[in-house]
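Before I ask anything, here is the structure I am working with.
A, B, C, D and E are the chain letters, set down in written order, and residue numbers restart from 1 in every chain.
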């Protein structure tokens, strides 16, 4: 049934394209097709040790297809790592389409078609077991994303996306070719990499290619433009699901193809190979700089974009460190990030859908008018700030444990400070958009958008209570890479440094909440109209001159003190590169002077050079 | 099994009640000490209890909607939760279940819940107050976190309970040279955490009408007072656990229940002493501007912490 | 299968080309339909020939009774067959886009048929002089086609094309003269067999003459000055036909030259060097282009460079890559040329045009399910198997540059008010796009013939 | 024991912890610093100066009130939470003081908001203020300080007076017409 | 240049105190001339109600730090409908003084945009600072007439 899924996606996208004038039907078709990977996920669950009730798996999916094509063979096969990331994508994709059914209005057919192709690409990437298939589906995914970015009609987004997209594709291609040269085969299974400088260069190029998609710091320049200029459901899927494929690729190549001993041959720093340590440092810098930049943004989408870059930095740290604890932390953080970032972007979309505004300083007081959107966003923000009442904390905790276990003295504080920084911009979103004085009277977001958001919030709750289940899914991955999985029960995670028991935290919280409730319900209270605030006695009726929303340029002192350094770092670097390319191209263009006499002289000169070169040589 | 749970619940609720009582005592103690330094008579020591009782005795309690009420709920519950995860006077309540990172993030729940409620009140003063409080938090977390990481790597554990055991019978971290400087750095950070005078930028009564608490009155203010008092106890206990051996003087095995009593008194004396230090600074310092606080913490304090890290890095070789 | 003589492929269009004025007299509208039918007929013939060649190897045909040293010999190899099919199938499709045009000039259709016939002639001829004749016909025909718009740029473009084309043919003539002077024969096989008897310098000189001469038509770096102006001046149909017919024929001639005629090792290194130069200069020049056609012209130069690199690596996978690249480039570039208005056209706003143009761009940039990708992939595989990292680095760099300027093209295509092409143009680009997708999704059908073509070329055959 | 004793205990405790917001109009504000600081130290009685009416029990009006200022005072008074007491400070609040004949200052504060305690004196000395605080604490203890109940009970009368003062006109008063008629 | 040399009609009341009486339309030029010659501090604008003459007297007070001299330029304005050109373009702060005098005396300054409510919000009666406004009577009729809160 697997091959039919691929065909279903292609035909589905064509059908949806044809249904461009009936968005509703197109949405239904798109959602129907998008459920197929979910069934595949459920059917393959036993492979990862999850025994699901049999009636759930309606369709039978082969676990492997191979298909000879020219020199290489196409091999698609399900692996525990593939299953884990498929779990992230397959669950968010139908919900994002459900959200889009009421959000996207113009040219909806085109939108659904490109989204289906994106999912096709990512589905293929997750199952690919050889470099040719991997590259084919990777490229299909990246150009279908281009089709979606084109809908945004923004110059910087399109040019930066395609430039960085080609950069990442070519880096991957170059890396694959080096691996092919060294190992003579395309199949991941049969690649026995011996540690030579060339293969290291190849692997680092591949990792750099994936870093572009995962928006690590020096290569992240395209992400803010693309995130802030495209439609919300697409961005939710892009930043929630697709940016994880970059990290999927990194894990696949760093631990699947080139195992840890491969990197260890070049020496280790406190038990972690230098390559991994460099990645961890880049990840830490990305996390810190991303958070600081997110604090300084006023546009909601830009803020969420930089925060997404920041949170992804954590995943890079986990992959860099590479111990079983760190990898589990990285995977758990990827899982959390998928869900809470999807909810945040969808909430931002719902707010835009209702108010039509992006600037935080123009929004305000929507908490009372859009309560369900607010609650979903509140929970997602708690997960973003990794507060122990959400599953966000378990992921960050694993990462911190791994970093301390390896004795990283300088990386851990940066990670912790980035975590605290997350509180700042988390509150900026909460206050700027949902609390404060009410300035727009709008209705609650439509039902389909709310349902999409609330289902995405569920995993954050479920994995809060039982983080062990996530560790059950990640253990087969570690075993596949020859690592010993982390000791855990469904609600306690123990490492050799300390333990984290979620049930204790929750029960204690319920107890204390009960205590606070008694204290709280002791006396009745009177709710006061919203304008009745103490403003040094100013009577409420002349409020009109308070137009400045308290949340406009909210962290201004922070910007005054630290703004300069972070303002335009990466952007300027890439502009220099572009200017260099432009200089070269001017040189090349000057050759074509447009005068026939020049061209004829060129021919004769060329002839003389040839003759001279050959006769003298 | 059930008796054990009930016993545990009783112990926990007892400790929480004890925490609040000590917290209220600290409120009166603080105002008395500051008054004496200002050459004033100052309120009686039990003033804290009177204030809290009066607040809860208020007839009308004005609130701004359900999100506003959420604030009082979350702050009291959150801080009690944080207190439960700290080893207090050698009694490890729930501290074996979580570790130091959990406590750092548990301290965030009440702060965020309180900020959420104050934001819901819609008063611009509250918003400015919370902005300052969060930036201050970002500022003092850097040196604090650096020193904590240094200790974790040095003692090779992240669980506070094991850290306290390692410092038993007077092998306090204060006497280890590196962490003597660490104690000074964290003490300055503590000044920020307790929102004492040089760093009470967030609740400045003159500039922003007591910042976030501008709209809180009656029982809401009572809950917040409880949160602030308990926060003092929690933060000072954290400092004591990190550097002063958590007040464990006599080992329980040898001396039985007397050891509990002695340890408890030593712990109480230590946290009072630490709080007293903070009050001394509080009584005589003017208030910083938020930019100055940011620069102070991220320039001087963090620099010292960085030196400490390099020193510990040199010392530790795994 | 009935073995139709390959000569029909050339004879039929020539015959009907000269009958066109008669039809023209009956009614000018009829000429277009008549030409289309002729071209379709020719396409069917080429497909039959292709099947024939695939079935029983190289087809030889002796013309007009003269024996090899003098007579005209047609030898249709596998590569020849593939290119013949490519040219003949695409030329009616590109001609289809001419239907929407108001003016229907007989001369244009005549020239069109003439150039199709002569480019197929180059591809299937067996002897050198015959190839030169067809070269001349193609060149002259293209001069006329380029100037068909009668605008200032058109004349300027065709003027440059004429000057450079004639210099090129002069060089070819000298090359043929030196060869004939020594070997007294013009048949490819005789030349290949007896090439060693020529003295060293004579052989080198003839190779240089030929490479410079054919190079002008094949758009190699120093010799392709005329390309930007010619393509800019020509109308959309002519530009896309140029990228299908004459340029492919030029590259085929280069291939025959370096593989069969004078297979000397330094020949391959030279063409590799030329290919790299063409690629780099072509792509970089395209980066700062304001006008769409000039940009596409430079991008064609770049693609030609890529194909030349593939050819000069003289290994089986590289040749297969060359075939894929040729096919991909011909299809994609013709779509883009047909759809190329001045830069700020809002073409991509209406979905019917946006689809094919977007697919065309993707194939050129080398995105997977298209022939462009297979070409690049096999080329990279072959380069990797030899460890030629510098060339790979260059290809990678140029691919990124391509990504940048095509993104600008896409962005400009999206802005501005919505503009549409004529119905027939839309029909032709849709057909081209569907062929593109078909070849991309099922590359086997092109892969097997390409492998056979590669083996025969390596063995010195046609 | 239930309700009555409970009220008694709560009054007893709340008199020992009174929080004050002082509306410093006129020249009375200068008298507050010695009361708050080490010379007289009101904190001995558990009194503390707060920044917002929400947190305060006592509203201290320390000088003459122009009609414009009265609007702000009424707003602050209504924002206070319920067992709230008002102390009129100095003769300006009693009968207008030396501004008795001014056209825009109100003459008697108790007409607009219920005042529990007046401190006479054209700016009373800190000793008088301390005495007033003690007096207030006794009144609270005995349950006489019921200004806030009065405000609730006669809310419409207070509001009528305030509207008239804000409009500088007497047009709302019916009784005066009857008096004139009599 | 000292004020007396500038304006012959200036009388010197005592050391450092000069008084100039002029008409409504020259005061602007005089102020500008003084401003250029060292009298750069505009002290205040005051108004005196001569009820018997039926006129208002507007006095513009200037001070020079250089010569340490106080110049008073006074003009007479009719009492029934007192109008005067606004001189806010010479010194911006004149606008506030004009607003106050408009509210308290009822002088209408043409060209001053903000002549509405200033200190007394919604004052319905005649401008209070005029001599014919009896404050005592007003206080007795208004403030003392506001009834006590009757406790039934």
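What we mean here is this: contacts are C-beta pairs under 8 Å (C-beta built on N, C-alpha and C of every residue); 3 or more make two chains touch, one makes a residue touch a chain.
Just so it is clear, the model here is predicted, and its values are computed rather than measured.
Undergrad: Touching chain D and chain E alike: which chains?
TA: none
Undergrad: What is the chain whose Cα centroid lies farthest from the Cα centroid of chain E?
TA: Max centre-to-centre separation from chain E belongs to C.
Undergrad: Which chains touch each other through the most C-beta pairs?
TA: Summing C-beta contacts for every pairing gives the maximum at A-B.
Undergrad: From the C-alpha centre of chain B to that of chain C, how far is it in Å?
TA: Centre separation, chain B to chain C: 79 Å.
Undergrad: Averaging over Cα atoms per chain, report the distance between chain A and chain E in Å.
TA: Chain centroid spacing, chain A to chain E, equals 71 Å.
Undergrad: Compute the distance, rounded to whole Å, between the mean C-alpha positions of chain C and chain E.
TA: Measuring from centre to centre gives 95 Å for this pair.
Undergrad: Centroid of chain C to centroid of chain D, CA atoms only: how many Å?
TA: Comparing mean C-alpha positions, chain D is 99 Å from chain C.
Undergrad: Could you check chain D for residues that touch two or more other chains and list them?
TA: Residues 52, 54, 79 of chain D touch two or more partner chains.
Undergrad: Check each residue of chain B and list the ones that touch at least two other chains.
TA: Within chain B, residues 58, 60-62, 209, 214-215, 218 contact more than one other chain.
Undergrad: By residue number and range, which residues of chain C touch two or more other chains?
TA: None at all.
Undergrad: Would you mind giving me the full set of chain pairs in touch?
TA: Between chains, contact exists in these pairs: A-B, A-C, A-D, B-D, D-E.
Undergrad: Touching residues of chain D toward chain E in the complex: what are they?
TA: 66-68, 96, 100-104, 106-108, 110-111, 114, 150, 154, 157-158, 161, 164-170, 173, 175-176
Undergrad: Looking at the complex, which residues from chain B come into contact with chain A?
TA: The touching residues are 9, 12-13, 16, 56, 58, 60-65, 67, 69, 72-74, 76-78, 80-81, 84-85, 94, 96-102, 104-106, 108-109, 111-112, 115-116, 119-125, 127-128, 130-132, 134-135, 137-138, 141-142, 145-146, 149-150, 152-153, 156-159, 162, 209, 214-215, 218-220, 222-223, 226, 290-291, 294-295, 298, 309, 312-313, 316, 318.
Undergrad: Touching chain D in the complex: which residues of chain A?
TA: Answer in residue numbers: 532, 534, 536-539.
Undergrad: Help me check something: in the complex, which residues belonging to chain D touch chain A?
TA: Listed in rising order, the residues of chain D that touch chain A are 23, 52-54, 71-73, 75-76, 79.
Undergrad: Per the contact definition, I'd like the list of chain A residues that touch chain B in the complex.
TA: 270-271, 365, 367-368, 378, 382, 385-389, 393, 396-397, 400-401, 404, 406-407, 409-410, 412-413, 416-417, 419-421, 423-424, 426-427, 430-431, 435-438, 492, 497-501, 504-505, 508-509, 511-513, 515-517, 519-520, 522-528, 530-531, 533-536, 546, 550-551, 554-555, 557-558, 560-562
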